[in-house]
Amino acid sequence: MYSFRNDYSEGAHPRVLQALTDTNLEQTCGYGLDPRCDTARDTIRRLCAAPGADVHFLVGGTQANLVTIAALLQPYEAVIAAHTAHVNTHETGAIEATGHKVCSIFSPDGKLTPALVETVLAEHNGTEHMVAPRMVYVSDTTEIGTVYTKAELEALRRCCDAHSLYLFLDGARLGSALTSPVNDLTLPDLAALTDVFYIGGTKNGALFGEALVVNGSVPRDHFRWFMKQRGAMLAKGRLLGVQFQALLEDGLYFDMARHANDTAFRLRDGIIALGYPFPVPSPSNQQFPVLPNTVMDQLREMGYEFEVDAPVDDTHTRIRLVTSWSTPEAAVEKFLADLALCH
Amino acid sequence: MYSFRNDYSEGAHPRVLQALTDTNLEQTCGYGLDPRCDTARDTIRRLCAAPGADVHFLVGGTQANLVTIAALLQPYEAVIAAHTAHVNTHETGAIEATGHKVCSIFSPDGKLTPALVETVLAEHNGTEHMVAPRMVYVSDTTEIGTVYTKAELEALRRCCDAHSLYLFLDGARLGSALTSPVNDLTLPDLAALTDVFYIGGTKNGALFGEALVVNGSVPRDHFRWFMKQRGAMLAKGRLLGVQFQALLEDGLYFDMARHANDTAFRLRDGIIALGYPFPVPSPSNQQFPVLPNTVMDQLREMGYEFEVDAPVDDTHTRIRLVTSWSTPEAAVEKFLADLALCH
Amino acid sequence: MYSFRNDYSEGAHPRVLQALTDTNLEQTCGYGLDPRCDTARDTIRRLCAAPGADVHFLVGGTQANLVTIAALLQPYEAVIAAHTAHVNTHETGAIEATGHKVCSIFSPDGKLTPALVETVLAEHNGTEHMVAPRMVYVSDTTEIGTVYTKAELEALRRCCDAHSLYLFLDGARLGSALTSPVNDLTLPDLAALTDVFYIGGTKNGALFGEALVVNGSVPRDHFRWFMKQRGAMLAKGRLLGVQFQALLEDGLYFDMARHANDTAFRLRDGIIALGYPFPVPSPSNQQFPVLPNTVMDQLREMGYEFEVDAPVDDTHTRIRLVTSWSTPEAAVEKFLADLALCH
Amino acid sequence: MYSFRNDYSEGAHPRVLQALTDTNLEQTCGYGLDPRCDTARDTIRRLCAAPGADVHFLVGGTQANLVTIAALLQPYEAVIAAHTAHVNTHETGAIEATGHKVCSIFSPDGKLTPALVETVLAEHNGTEHMVAPRMVYVSDTTEIGTVYTKAELEALRRCCDAHSLYLFLDGARLGSALTSPVNDLTLPDLAALTDVFYIGGTKNGALFGEALVVNGSVPRDHFRWFMKQRGAMLAKGRLLGVQFQALLEDGLYFDMARHANDTAFRLRDGIIALGYPFPVPSPSNQQFPVLPNTVMDQLREMGYEFEVDAPVDDTHTRIRLVTSWSTPEAAVEKFLADLALCH
């Protein structure tokens, strides 16, 4: 049975793997200073219309988050995040382990707004007795599958400018966001509107890897020092350059994300047709239907894998189904057929 | 005009200062290992009926909080606290600077309950992807003047036992709590019900100092290492022993706290009589009346000092009035008379 | 021209890459809890004759070092290391960034001995005013190519037992060490004599990866919490399991290391034959000849790449030449022929 | 018997205590923002001829050191110190606990020189693989009683300027240094030559307290945030202002230090006259004679207290004798007479 547990259950897209194989015996220097990384950096700068951006390649999302936050914030500064934010919930206190407070605030849809940001700011009096919020952390898609619009991100940018805050966008699932039907953002928009964002590879067809794009007037000069100090500098850095070049040179990245979204929507529509509700609409590759526990258990007995998002009541549970670049359409149809058998 | 800004606006009770003067030229070894500290430790153990307790003297509350949390928690463990908790709001991220997350939860009265603690626990799945909540932090009195009952603390203790949590009680204003009309806790209760608590001196008649009582099966052996590493070991440690002995040997500590409470209640009752509301009742030495902004401004023009707690609406503000061991009754009466002149 | 800059200048051994390709489309759960990792763990436990060992896979050496030290030491504890140790010099303060002091001591050959360890211990008085050294960190091969004998490691183990110290062996270049002519240690010896050691993949034919073997009575239960908190848990963890299984299931790891050593020795012998000295003998895949600066410059002009280890005097420099599993014998012969042309 | 264990064995000079008593019932705001602190700040700026300096009051030396280093250095930056430096040996890793490496180097007399600083710099290659040394930490007097001359400090300043290093002078025993016969530095010199230094009160007649003078183009704006975050902001901050004003307003500070030195020199000369050697000459209030162990034991049996500095050989030990503002001349004569009886 197909696993809908996550979008990193397989290895890499075959073309990514092929690129690694093709370049395998090249000799390069280490740590991301090689020509393969430089090529990928140029590609990213071009796609982002950001010729002055720094591009750093890291292995995973938690690394990208903790290194960026440690590199940009002074020790007394804090980051504002939605209560569902990955940095707030699913990184074992990685941000606090770098010394920084995460100021979280309840967000019904996983997104931050200027009003939410300003609520957090209003709780801080600007004196030495409190941390100084200095960064807004958002993710696109969010941890619950929602997607930012350009207007929303522009509003956050204005809010950040008004309050001297950095805007950092976690793009672990950026492919799914940028190919979502509700999206109207582009890579150049992201580069223009955020101070730092990343293009997530791990969850969209790479073996691993996140490409961090650093813009704006943030502390930049010693970013690589922070990477090294936090164990986030890959010795054979060119593995990241090779992969991102393969992902981005001709649109493979977006093709894969579109496929993930399309299969997710087919899953959603089929489940709705079977009468199960989706209280939180998600226009991306994570779907959160509410199923009777009896149905959930039958799916599991059939061998399906997925995560439980939260219990809804004593007899119902919201589960999470995730599709990826590699989800076969047939697996979706089979799941829907099997679900129809449950009761 | 008298300042109601805080309960540490003056120096020490004259008897405390006298004790420092009387012992001034004694030679002792440093760092709290001297006979004066030993005597005070014995006094505290006796008053707490806790012969096996460790007693450590620290200079201030933020120090006591950060050292205790750093000493008791492993790096992946977190502390649960009310959203108003001092460790969550007023220590400039001191806890996070030791690497630990503060899991805060909204509490209407500044107190934690088993239900609130379990709400936080329910948000954590026990896996390596999330911090492990391991300590409950409460303060008595709380930051908004409320006071724990014995039944409430017993319930928290049971909750902590059920979930393998440490219970840490910040007693920066413990004198005011233990002499509050609503209190039914004793020092032996605190020693029996908490793993660590402290008897706050700074806010009740000492020049400075908090006496930390460490009980239960918490990591204890290297507590002094944590103190030294965090800059929290006073060279002339005997200054703390001398002060706590003076405070506790014959009840001065409680006499002073009772005075602070009594003057606070006279202030409260007088303000109520003038028609101003107290939306959050406080049975201790911090009082939070809501005044029209015009009245607040007139008080300030008269020279009164106090802190603003929060705006209530466009024309009203909740202020904080704090009394102490040294607040003269005449100052209270003068304030009430002056308030009666405002309009 | 061939680069002798490092042993991670290429990708992976083709059989490692093939194993990744063969398993690419399998679905597994993430974070190293999949069957591929379990198989590799079993292989490692079997090769180490350590059925009770925990095996964790990490992406790189700095990660392995900082996570292990953070996981094993309490905040007031320190690690003892040679002044040349990677953790002391080449990790941008990664260990200090976890809060721990590295107590370094000068070692002429990059190795620690009981005498050196005890010199460090003697500088610490066991009180709360000083850090408590609690771990001995060694690397095999060392950063300057030397190799521990079994007798040396046994002596360190006895020293560690006598002083309640953990023994942690950084095996980033363990393959080269275990196949060195001077080596008499085995994987079971390492598992028996150290508390933690790792089998380095990055520098011996893997794309990346270090396999950490945790033994003995060290704090173990929450090791994965430390990994996650430090950004050292790979989402597609099975990539590490697949690679280590390919490296270790039939001896490829040792065959590659032997090749690296053999080409290094051919290089060494050829350089000696040309009359250049090796003041520090190295029985492994890093070689440190002293060349006249004129010769060094000519090699560079020819296109050779290598690192400078240290200037020796105004006209001579000690350089570092590193061979790997992939160094062609022809490249070595060509280098020697070219060196013979220098003057 | 008199204790020569330390210079903080007593309380405060009576005039300091009197000043605390005289101001005891004044109401002031907290945290060092009160008029008493402002007055002391003005006095210090005037004595230092540094009208633009920031002055911060902290309770103790470890606090002053760790807060200053945390406030001035970025996370990848390190501090250079002599191997005997307090920050390297006697603060339980307090600096590392803030995330910073201490790069220590052997110094025969406890002082740093440009040559020693440059030796450390030469071991660092300026890349992201190594920490970036950014501060020179010295103490005056040093931990072994030696004293900097103006020429020495000027040379360090030039060295720091040449290499973009901050110069931080720990003045825990600054009084003894500035009144030493070998001293030719003044407070204005210190303010001009260092970026940060402090005037130590704890070891020269205050109950506690260090006055930190921050000059030069160091990060200054958020120093108080670092103080608060590290638990180093005293609630009743005015206690520090009152004490420093009493110490400095009419030269009491220097009178006391001169007395400490004079009694130390009398002790030294008397011991020399009895035939015991001082291998490390100290022109300040710490003296390090070498005694036969039999003599050392007899002194202890008589009741004298002092610290052991280091064993010299199997039968001799270097001890440390410390005098203070309060050491009676009679106690010194008695000690010398008693020593004459030992054999």
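Which chain is which? They are A, B, C and D, in the order written, and residues in each are numbered from 1.
Just so we're on the same page, contacts are C-beta pairs under 8 Å (C-beta built on N, C-alpha and C of every residue); 3 or more make two chains touch, one makes a residue touch a chain.
Just so you know, these numbers come straight off a predicted model, no measurement behind them.
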Subject >> Taking each chain's C-alpha mean as its centre, the one farthest from chain C >> reply: B
**OP:** Have a look at C-D versus B-D and report the one with more C-beta pairs in contact.
**Re:** B-D
Original post:
If you average the CA atoms of chain A and of chain D, how many Å lie between those two points?
Top reply: 51
Original post:
Taking each chain's centre as the mean position of its Cα atoms, how many Å separate chain B from chain D?
Top reply: 33
Original post:
With chain centres defined as C-alpha means, what is the inter-centre distance between chain C and chain D in Å?
Top reply: 42
Original post:
In chain C, what residues contact two or more other chains?
Top reply: 75-76, 91-93, 97, 99, 128-129, 225, 228-229, 233
Subject >> Residue ranges of chain B in contact with chain D within the complex >> reply: 2-3, 5-6, 8-12, 14, 17, 20-21, 23-30, 59-63, 65-67, 91-94, 97, 202-203, 207-208, 225, 228-236, 239, 305, 326
Original post:
For chain A, which residues count as touching chain B in their complex?
Top reply: 75-76, 78, 89-93, 96-97, 99-102, 123, 128-131
**OP:** Show which residues of chain D lie in contact with chain A when the two form their complex.
**Re:** 31, 70, 74-76, 99, 128-129, 132, 222, 224-229, 233
